[in-house]
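Paired with subunit B in one complex and with subunit C in the other, subunit A is shared by the two complexes that follow.
For the complex of A and B:
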């Protein structure tokens, strides 16, 4: 919230095209111990990798929303120049996935309005949705978030990477969020490999120009996904 | 638009894949057409189409395409570029074709390039880190150097096609390198790539960049955009406050920087208006008339050529180096001015908040300069409108480490405003 002023001024002083990336992460009780530790480490390394890429540092805007008990906003869209430290997550509670996705979509809408108002160009936003279970929040929130997401994807206004963690991940729900891309299952707890691939993909996008077709590293997906 | 395209499109034979049976790696031995051996060293760059390797010859590097991207068009174009026999320091044109141990065409040899991408000049912290001693005259000299190289290529019947901030590397204002030269348009073979901000209005909306041959007139738009982005350092001419997308603004030719009184009032907030104001009038005139609908230089056939721009930038460089421009306002010699250029006949006083020299008549009315007024309003509005909890969610917000303007400093400014009104 205190970041709002800084984030608007940032758009004035740094008009580089932005790559908005929102991580929507399951931090429910079942993620306790090893899974949440690996997730924390993966996100930390992701921040490190983006910070060390001089183009991505000034263009990637990372936002983080978690769902564990309640939907929580850990980071608003901001470049890592102004928000350099990765947040730390704790596992607890149920799985309000719909609420979290709605929060992410709201944050994204607001940031897009900021971009338009300031005249800053931006790439098609990415949402990374990771879960190890089934959503058990409000069902109308869930349907609303699925509807909004699919509409944006079909309108070519959003890309989503839906990823299931472990045996209990509900791949069907993930598929409902992603009409164009089949959800993938994470290999074991290979969060680090996933976030390394993500940071490379973000770097690639920030080296291009908005409107370009980006070729994602399909080969690299084998490092972290069960195929 | 369609008829224009038909006029320009020639029948080009379709591109076909060439056989390449192995992926090139460091240590592999390639050879040129006349049998010279080239050993690939470490990989120094990789893109969508291929990789650049060091070679056993320290001043030359090899660009090797990925097997699936090695095609007849590429071979034909590189042959033509080599045949042209042109040479200019800093333009990394193909010098020799490269074949692998199976005698398959894989890429080409070129002179090594060095320096930082022009793109790093666009981000202030990177600019200050990499070129801490540069003044405005260095940026102007950089433009002169770029224009000389582009002019040379145009004179030799080559159109770059993909002028953009990642294709030009800068060591010093006089020492720069053009890379990715294998995509240049030559002798009827089109340039297959481009980026939206550098594409002129008449070519926006093409299905593929290689569907038509570009003219020098088309290219002169890209040249103007590049020059603008170096003068209003880091900005693009068609980014606008509350405007449509940059692409739409290009198509509508809705330029957002003023010439005299003429303005669409959509200049982006931030230091950009200051940078624009410190440019000499003749340069503002040239940019305004290039980027605005109906301007003297706004169409494919009327655009300023690289030579026209070269003359203007040379004059600008002379103005700066002679000290004449700085006499009017010393801030015009800096890369990042922090206030508007001073005009004759106006009395200037220091704004009590930012301490910059401001038109006295404006300070009298509001107590502080307009820029400070705007920033204060922005901060005040942001603080007032941000809720502590997002409704509908039971979450809390994590601690933030950012700083913000405190209430007490705002009260002081209010007092100052009251004093002057």
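For the complex of A and C:
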């Protein structure tokens, strides 16, 4: 019985709209032992949660930049369909936060150009910046990255989640990256809870339609961080 | 000149899960020789946008149907202002009735109107307006999104007038128009190439010869079973198709018949068209396989093959109790 006036092959196969998420993570020497182990486990669980969510799997594009000694790209923007395994991090070296943020912003610009060139719709990108210390890279790089980030946030072109880990985290510098939202301090080493919240939020965004206001679950944040 | 209007709006999978009503709305009016069709997609964040979408389509359809002759003579900026004012007034009245803010009624708006061979197309926000000319589907107005996937312009936006597109012209060889919301856009608009799916030409052609109720039901089934599965958003469409003149399907050129039947336009195919037409004529009212076969003196499995192709092409309706009927409109 032919109930349809159309067949699947009559339809266009447009790619899913993407949610670019960049994790900018502190892997400096001070993160050694338990913090880096917990961070690795948190990112692994984040990958697992995104992979198991059908919408997020095809929508979330994750990139990871670390700063431990130098800024380093561990993963370029791609869905977890293409890069299913979470990278593993080792703690080492100084804290060049500005260099890492600039690298993340450059990767983001490049990816947005790719989307535009290939007709892929995308949502407002997210950057998650995590550190347990004070930036000690080039100060001009740090200022430049703060300025770029703030401009994008004020133009509503970026959402940032700055997260401080432990008592040594420089919350003032994190605040300079975030003109609209106060930086958050992770309770203990609750990376897992944070990344579980992040994957749920990414999934929510990837299902939103024009005019939708994305209400992030702030109550959910309280479980893992202090506002 | 007559137009057939086929429309449907289905609730998206995301809205089904969240219990949100279908925020897409379609409307069409024929008055004093003017045919107007409109489609609006209520904003996801606006709680009462399904009411706003309905008010916008109804307001614009009534206004254009009543004022087409005046509107067509005015300059574009004046017309844009008048359309926004008309919709705005209706939304203001609805605000008082519902006790809500105007932004709660935000929606996109697309419409097409035709009278005496002249048409007007208007578009605010996302979704696509397409048209069919000489068998080809072309885009009249592309979607207007912001940089991000979940941003667009609405009837209530401050920049509605600057992003609003208004087109007028002579029909010439245009045989149909298509309005679609962004949910439907996911299935019929190639975002990379910025073109519409050629399958829309067949739908417009089919609408011009088939019974309107049958076509509506078929379109609705296809939207429920196929189109809305490609997105979580509501999906809606309006097909405004010029009615085939004279004897309808029988008067179509062989090339068009081949296209409707899914046959290659070759000499052999064209020779086979007669058999298909005989079956369509024999099935003007519900008939059984056996009676049709006897009436047309067909041998072996020939009728099976003809009925298979005709039902697949949506030109024959098949019931589970074994009865068949031509889906063509009576001319």
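Note that the second predicted complex is superposed on the first by the 210 of 227 C-alpha atoms of A that agree within 3 Å, B and C clash if a C-alpha of one lies under 4 Å from a C-alpha of the other, contacts with A are read in each partner's own complex, and residues count from 1 in each chain.
Methods note: a residue touches a chain if its C-beta (ideal position, glycine included) is under 8 Å from a C-beta of that chain, and two chains touch if they have at least 3 such contacts.
None of these values were measured; they are calculated from a predicted model.
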Which of subunit B and subunit C A:54 touches, first, second, both or neither: first
Which of subunit B and subunit C A:34 touches, first, second, both or neither: neither
Touched partner set for A:14, first subunit B, second subunit C, both or neither: both
First (subunit B), second (subunit C), both or neither touched by A:5: both
Contacts of A:70 with subunit B and subunit C, given as first, second, both or neither: first
Contacts of A:207 with subunit B and subunit C, given as first, second, both or neither: both
Touched partner set for A:85, first subunit B, second subunit C, both or neither: first
Partner chain(s) touched by A:99 [first = subunit B, second = subunit C, both, neither]: first
Which of subunit B and subunit C A:123 touches, first, second, both or neither: second
Residue contacts on subunit A - larger count, subunit B or subunit C: B
Subunit B and subunit C contact sites that coincide on subunit A, given as residue numbers: 1-6, 8, 12, 14-15, 55, 118-121, 207, 209-212
Of subunit A, residues touching subunit B in the complex: 1-6, 8-9, 12-16, 54-55, 58, 70-75, 81-83, 85, 87, 99, 103, 106, 116-121, 207, 209-212, 215
Subunit B to subunit A touching residues, read off their complex: 48, 119-120, 122-126, 164, 166, 195-197, 234-236, 239-243, 245-247, 256, 266, 268-272, 375, 378-379, 382-383, 386-388, 390, 392-398, 400-405
Subunit A to subunit C touching residues, read off their complex: 1-8, 10-12, 14-15, 17, 55, 118-124, 157, 205, 207-214
Touching residues on subunit C, where the partner in the complex is subunit A: 12, 14, 41-46, 49, 106, 108, 125-126, 145, 147-152, 154, 182-183, 186-194, 197, 199, 202-203, 206, 215, 218-219, 221-222, 225-227, 230, 232-233, 311-312, 314, 318, 320
